[in-house]
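Alright, structures below, take your time with them.
In what follows, subunit A forms one complex with subunit B and a second complex with subunit C.
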Partner chain A sequence: MSEALVDALNPALFWEYRQVLLRGLAFNAYVFFSAATVALIVGLAAALLRVNRAWPFRWIGTLHVEVFRNAPDYIMVIWVHFVLPLLLGKLIGQRVEFSPFASAVIALGFVYSGYFAETFRAGIQSIPQGHLDAGRACGMAESTILWRIILPQVVRRMLPEAVNQFVSLFKATTIVSLIAVPDLMYQVSMVTQQEMRPLPLYTGAAVTYFAVIYVVAGSVRGLSERWRNKIYA
Partner chain B sequence: MDAIPAIRVVDLRKNFGALEVLRGVSFDVHRGSVVSMIGASGSGKSTLLRCINRLETPSAGEVFIDGEPMGGPVTANGERKERPLSDINRMRRDLGMVFQQFNLWPHMTVIGNVIEAPLRVRRMKRKAAIALAEECLARVHLSEKGTEYPARLSGGQMQRVAIARALAMQPKAMLFDEPTSSLDPELTDEVLTVMRELAADGTTMIVVTHEMAFARDASDRVLFLHNGQIEEEGPPDQVFGAPKSERCRQFLSKKLQ
Partner chain C sequence: MSNWERLVWNQRGLLWQGLAVTIEVCAIAFAMAIVGGLLLCLVRMHVRPLRPVAIALIEFFRATPIFVQLMWVNYVWPELFGWPNTFFTAGWVALGLQSSGYLAETFRAGIEAVPRGHREAGYSVGMSPFQVYRRIVLPEMLLTVAPSIVNQFTVIVKSSTLVSVITVPDLMLQAMKLVNIWYEPIEVLTATAAIYIGFVFLVSTAGKALADYQRRRFGLNAA
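Here is the complex of A and B:
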């Protein structure tokens, strides 16, 4: 290997800036957990609308899923940050502004709620009717059946699919640097502008994301399999 | 016999669209008695059972549990108001149900299945619910299986857990919907034995079954359903020994071959 290449790949620079970069990664995690919470709550609500007996509810749920599942993350982040405040501002006749963090969480949360809604819906519809009948026959309220019988099974069934979606969501958090959320990519860009050495910095960022996702997703998959196997012997 | 039957079914009808599944069924089940319902597939037995605890809403007619109408009381101007679901849920507590497909909740252990309704519906304390569940599991001879998950049980064991789960609500009556029909023949006996013991203990039971021996020896009354109506009814000796209806005779001769 030529000396120039070795020098270019030298990770020392990445290490030198570790604190700032780690802080950036923490921001990714922060955006990820906040957006995942939004996505799960809104996704569950949309799924419950989609399995509702009354067609207007079903229609709203389907609209939600179609709109957000088919919207690119990138455009949604830009739209929520720059366009939505303008619209809201015109609506209430006041200046509205979202912090970059809030925009990122809303945009990614809603986009991924579309995917989670479908995963929840498939899970809910896969629960045999008999399990619900057994609950009803004991005099259980519908809400008890949802929380005690349907959702615990849905969560187990949807876990493998959900882990994939969480991975996608975590990867999607890298685009929030576009609206100046100080995440890892944002910090890398800043340092690059100073040091003028993109190769070790961007490679370091890529390796960091890969390592984090590989290790975390792998352990979650392992743990969830062990938990799921108990009931599907 | 007491004046108010545990379950009274009056002129019950059920349509699914144009299909008339139940065409006016009436009968009483007295406390402590066992009523078996027999008949060909599609005669309306299961639908009738599901109408009794309102898993299906009857199209017409009424079911009385201990004299209380499930469909809601008639108002002064003669109209009948449908009960709110919470009311129906309260009445359902008094009717334990056992299904053909067991319908155990697979994410809960055996004991978890049995204590769930006492905890969430009867609002019992966990300790008391567990003590009750252990008692119920002992009645179905499964005391040692409390910590297993349903997936690790045989069909017969699953059905016995389902019986324990229904018993744990301390119902006034038990409804059995073909409890042995999805079991291998060698596993039906363990379930039937438990059911015979319940009957001997004075449990009020309605049993939809294809087990003619059980209907004949363990029940006080047998109903033969045909096309959504009761075609023949009486004590087992009469229905099995000297059926008045030709259809019932044919059905039994095929079954008892």
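Here is the complex of A and C:
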């Protein structure tokens, strides 16, 4: 036990491969930022559908949210990587192939758009009717009201919840290694196959992810709190 | 649609077996998460010398991705502790660890939300601290956090797809096996995704209804 413990906590092997592993971590961040962009845009669109006055739009928005919020991210990643290209290929009559990176971004982006849509919707619906009426009374167009009155308030209100979802999304980026996106977990499993020493490598990966998520999430939460307080004060 | 019949309907026995394993893993992990979460939460709040240990564990479980924890438990624990000795055990242990961290924080918030007066009322009629916990604090806390507990269970179900990576024969692994036999992923994977989405929807809807029923029964508003 103690020998194994020393082996697990010895960072030498992890340090030896630091360049490869760091590149992997950078790839995690790359997937994260791309998927977060997709999730925010699609999520906002779905939220706007859900608060639309016409029921067919509301219905589509609700369907989007229910499907993607209830879908496990792993099966969505696999589905987008193996099934979606075939379906698209049948549709346009030629061979389509997604790179693992593209599949990962599409799948994670859409899964998390479901969560973001709910957060946006809660934010939008928390805005008093009077604010909209005030905008209309000044002769603002509906789109101006959206960008000038609704969204600035929504962003501030939903920030704490959104930070939590960003953290979940970053954690979910680890599973893209399963479709051979070269992220940190993928590099760790590659190095493990060469060195046959899983103890220090997987422990190192767990500690690295913990440190990154704990520190980054903590500071982002602190910053967003300060920003919110400054505005509301 | 003969492909659907050949690849999905005729394989329903396999898929059903897989779903049963998924449910089994999730149920054990959920039980472990409730017990572990309560334990971590109580240690954190009431056992002074062990507080830093509990906080460190909670933060570690919450801030590491489930996939990383799964790999870590599966590859590192057997050599460190000589346990878990099967993939199945490693699967539910990892799922349970992650959720116990989240539930510990949920329970703490729920316990802190119990008004002080309720506890004092218990003491004033002569209850011991243990009785106050068992009769007043824990039941009230459970009602307050019931919706979050349901939510955490759906998180477990969604994460449980990953145990297929360490060859636990759950629904996901059975589906991947079928894909690898015929190389026709469209029907099998679409059906599997639909089963998962339907199952999670069912669990969360039923869970919410149960939580709301219990809350109303004891005079709280439905959440």
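We adopt the following convention: the second predicted complex is superposed on the first by the 225 of 233 C-alpha atoms of A that agree within 3 Å, B and C clash if a C-alpha of one lies under 4 Å from a C-alpha of the other, contacts with A are read in each partner's own complex, and residues count from 1 in each chain.
Quick note on the criterion: a residue touches a chain if its C-beta (ideal position, glycine included) is under 8 Å from a C-beta of that chain, and two chains touch if they have at least 3 such contacts.
All of these numbers come straight from a predicted model, not from anything done at the bench.
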item	value
First, second, both or neither for A:P198, with subunit B first and subunit C second	second
Subunit B versus subunit C as contact partner of A:R156, first or second or both or neither	first
Residue contacts on subunit A - larger count, subunit B or subunit C	C
Contacts of A:L22 with subunit B and subunit C, given as first, second, both or neither	neither
Which superposed partner A:G139 touches (first subunit B, second subunit C, both, neither)	first
Contacts of A:I213 with subunit B and subunit C, given as first, second, both or neither	second
Touched partner set for A:P72, first subunit B, second subunit C, both or neither	second
Of subunit A, residues touching subunit B in the complex	128, 130-131, 133-142, 144, 148-149, 152-153, 156, 230-233
Touching residues on subunit A, where the partner in the complex is subunit C	1, 4-5, 7-8, 66-67, 70-76, 78-79, 82-83, 86-87, 170-175, 177-178, 185, 188-189, 192, 198-199, 202-203, 205-206, 209-210, 213-214, 217
Subunit A contact footprint on subunit B (complex, rising order)	53, 55, 85-86, 89-93, 95-97, 99, 101, 103-107, 116-117, 120-121, 149-152, 162, 165-166, 169, 175
Subunit A-facing residues of subunit C, complex	59-60, 63-69, 71-72, 75-76, 79-82, 154, 157-162, 164-165, 172, 176, 179, 185-186, 189-190, 192-193, 196-198, 200-201, 204
